[in-house]
């Protein structure tokens, strides 16, 4: 390349950077004038595309849309002075990339200057945006983040809230349910356990191993499989070859569906059959009809709770599909908490954060009070009973159904 | 001397870019971080793939290695040492991969590099699950966007300077010769494998550093997050858009494309994939040699064909 | 005196096909030797083995006593062997001067910097392309591309030059220019192995010839004698050449 | 135990073979490395799902609609997008690289359309999820169907390609595209036919896979990757190779899961894949050189 061409190229690139700088300088002004507001601006960035779209599409996006629709149909968010302001939504796609999620939140906070930011889907993404949310003073009501380190995160980011518990909660509750069933003679003390090689699966299995051991169970099969696994024939055959009465899989939706299908094929129906994420999805019930009976998983609902029933009906009506039985209602409830906090203290974010931490809220998931910024009152174990996925543990929680073991065989 | 002028201008631009974030809000800085990150990725990618025409999809493999190294070591080693370790690991992997693959040509190299990223991801996962017993890792480094931006900007300057220096060096000439005709290059006395290996390793090391520098921004790191294959493809298309054989080409492709993606995902979040796909197809169709070559082609008096265009349209 | 290039019992097999069987000959210092034979007789395979493009199945090649038959092509080039190709292979994204510069920079003496540019210009001038270094190789005519390729080969300052049908496809006047060029090289003391079909050129340039057929040497000796050899005539006629 | 693993592996491999055959034809004959292959499969999954759940059409009957549709659409895509690339490419290498880039764009377009139409949710239905006893090993009928269709389509196509005039034409294009015109072969038409045929095979794979696997709009790349591995294993353009490579991949994954560690199945696959690329890039059944 000759010198002149080089210089021309250089000048061109300088001008390109100049154009970019112009674009950026627009960033430094941003929208101001919050007076005379006609709406409450609420923004969120979730995975509309990419690898996480499947999870976000079931739990997060429908509930965000449903809530906005519900609130705006009622005339908007109620403020302490009795006036109502409609919600204006700013929606971004994080494309299942952490970097995009971080930048989208920066944009929502400093460019769009929204009033509130709803959290993204997934543990990793909620952690990625946590420092920003804390720094910008936004309450972060993380739902789809299962982490045992929530107490530590609350200390680090005091405006963060963690609503779905930690891996250990689910595992120890399961171990307790199993111990009770064994003592009642429904199952023996051997367990075949598999888990997906991903953050969630590892968290649960790491907590399950000691919990099961402490409860006096013997792990006769314990394997970890990669996320990309689609054929579980070998695993199921080996589990079936053991004498274990319990099969526990800490799996993601694709695995959960495949495990369910393939265990029916090989006629593997142990007395206790526990699957991971996805067993509470509507499509799980559609695909397996009455065979879902007795299958256990995370989450659940209280079938006699009228608010929950009303929520599920609305979800079906507006979204056109039933809600899933685990995180959906919590997601919707988290928004109701925000809504009620605003109703009590207005749009001041600090006050809302304070109210979220200390207040008591009436939601679709029942009455909620957070402990140390965490929701502890959750269904850790659920079971399909009579076509509904009901919560069975904690057994002493109000509305708990009794676990029914052994599970009936496949039809 | 025009070179001197160019250097003064470049230094001034660099100084301007360095102080720019002081006047920007967090989102503006976030944009600069993303943009600069891709400028470095695309430039480093083009450093090897531009002259040799070996299309590498291993970008994310090295990017992920960098990010993971920081996640593993950030709490046990001082930060500069962590970066050094990331460099060393990236370099080692690049040398091993380079030694075993540089015999592969054309599509087989593309497929290999694509598979490599997946293999490394599987191995990291397996290691974490079976040896360390955790999968996600946390990075609590006290860096804000602006610190990451300054590091990336410095790396961008170094990368462009290296590219410029290589393009004028014996090595640069060797690579262009290799890209044209490996047999002729070898018979002219060029150690083809060594030239390719050196550049591949250098390019991979820079890419590793980008991953290492950007990782603290995400706080939480797991294989699915850092080995996201889209990064490889975006890097590739940015470099192609600007022109992979020019010094400023990749940067010139990365900046507008990055801003375009940002605009699309903000304004058409639901149609992002479709528009991105169509745009990708259009670039391959209408700008196979990049914008710079296109502009130069338009300016060039008729009849004079720039060399790269000839390669595509002319006789084999 | 040990000969400059010495080939002994060279053999090359591709799968089931033996392309070169037991070939031995030598080229002395400053000598131009013709390597003749009908198409497919194994000439280019021999050339490829000398330059390192192919690895011999058996046999040895030495240059001034150094065994080069197991080396990579770039190492062989740096030992002083340069070649041209049967079909010209210019490096299209490089200018004419840069094409030559490649050999200067990586050849025997590794020239780089301003003096390398001067040397490139010098080599181009030698082959008759003086002042055209800045041009794009695509703009050169066929003969000029051949000249450029010769300049590129000469730029590494080889001790042995391998010309693979370098004179083919030239017009009679161009041919004369080409023959004169090679003669000047010989005058400068360079050894040349010439694979050629144009008998006038062979007669004009080579004192000695090696003739191959079906992978074997069928004649070897002074050019005039060899070309009258009934076996050689038969081989060419059998192949359709006369 | 060994027989069990063997049969499970072969049945799993049937899916891989079916998924890979379309790609190998497109790559081998049309010289198009189609990265959107997996997304074509997913599109067929959704088509079959709609036909099943909305129109109550059995997936077996859906094949009659979806497979021809796959052919016609792929033919159109070839005319619209691939043909100009083929026309401008100076050599096979440039075309292969161009095709990777352009089909990567296509991948996003198909994925985007599916996302807009169906959202990002997991989708699926059950069909033929009944046990079949195969020499004492229980396998799912729908997966067995995949193996069966892979064998039927594979062997039929192998026969057609090697015995009929039309097949010879396609093979000639695959082996020596530069010489094909000399014997009066219309390369463009042959390449288009092969590309469309690949699309039809992808559609077949999609319909079959949808019977037993839940899918989302974004998981196409997983199928592409698997198909790519099989194609490299078997050698590009070789249907026999794809068939055997697919079965082999199923066996490798099953044996690693059974005898080594289920956590290493994918790592083992990629290791074999990469080693093969280095040692024998033409695959087990590819043309040498």
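Just so it is clear, A, B, C and D label the chains in written order, and each chain counts residues from 1 on its own.
Quick note on the criterion: a contact is a pair of C-beta atoms (placed from the backbone, for glycine too) under 8 Å apart; a residue touches a chain by one contact, two chains touch by 3 or more.
All figures in this text were calculated on a predicted structure; none of them were measured in a lab.
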| item | value |
| --- | --- |
| Joint neighbours of chain D and chain C, given as chain labels | B |
| Interface ranked first by C-beta contact pairs | A-B |
| Identifier of the chain whose CA centre is least distant from the whole-structure CA centre | B |
| Remotest chain, chain C as reference, centres from CA atoms | A |
| Mean-CA-position distance for chain B and chain A (Å) | 34 |
| Mean-CA-position distance for chain C and chain A (Å) | 72 |
| Whole-Å gap between the CA centroids of chain B and chain C | 42 |
| Touching two or more other chains - residue numbers and ranges from chain A | 48-51, 197, 224, 226 |
| Multi-chain contact residues (two or more partners), chain B | 122, 125-126, 129-130, 270, 272-273, 311, 314 |
| Multi-chain contact residues (two or more partners), chain C | none |
| Inter-chain touch pairs (all) | A-B, A-D, B-C, B-D |
| In the complex with chain B, residue positions of chain D that touch it | 33, 81, 84-85, 88-94, 96-98, 100-102, 104-113, 115-116, 221, 225, 228-229, 232, 261, 263-264, 266-267, 270-271, 273-274, 277-278, 281 |
| For the chain D and chain A complex, residues of the former touching the latter | 4-5, 8, 11-12, 15, 111-112, 115, 119-126, 129-131, 138-140, 212-214, 216-219, 222, 250, 253-254, 257-258, 261-267 |
| Residues on chain A engaged by chain D in the complex (per definition of touch) | 47-51, 53-54, 56-58, 61, 194, 197, 223-226, 228-231, 233-235, 237-238, 253-254, 257-258, 261-262, 264-267, 278, 281, 283, 286-288, 321 |
| Residue ranges of chain B in contact with chain C within the complex | 170, 173-174, 176-177, 179-181, 183-192, 245, 304-305, 307-308, 310-311, 314 |
| Chain C residues within the chain B interface of the complex | 51-53, 72-74, 77-78, 82-83, 85, 89, 91-94, 98, 101-103, 105-108, 112, 136-139, 152, 156 |
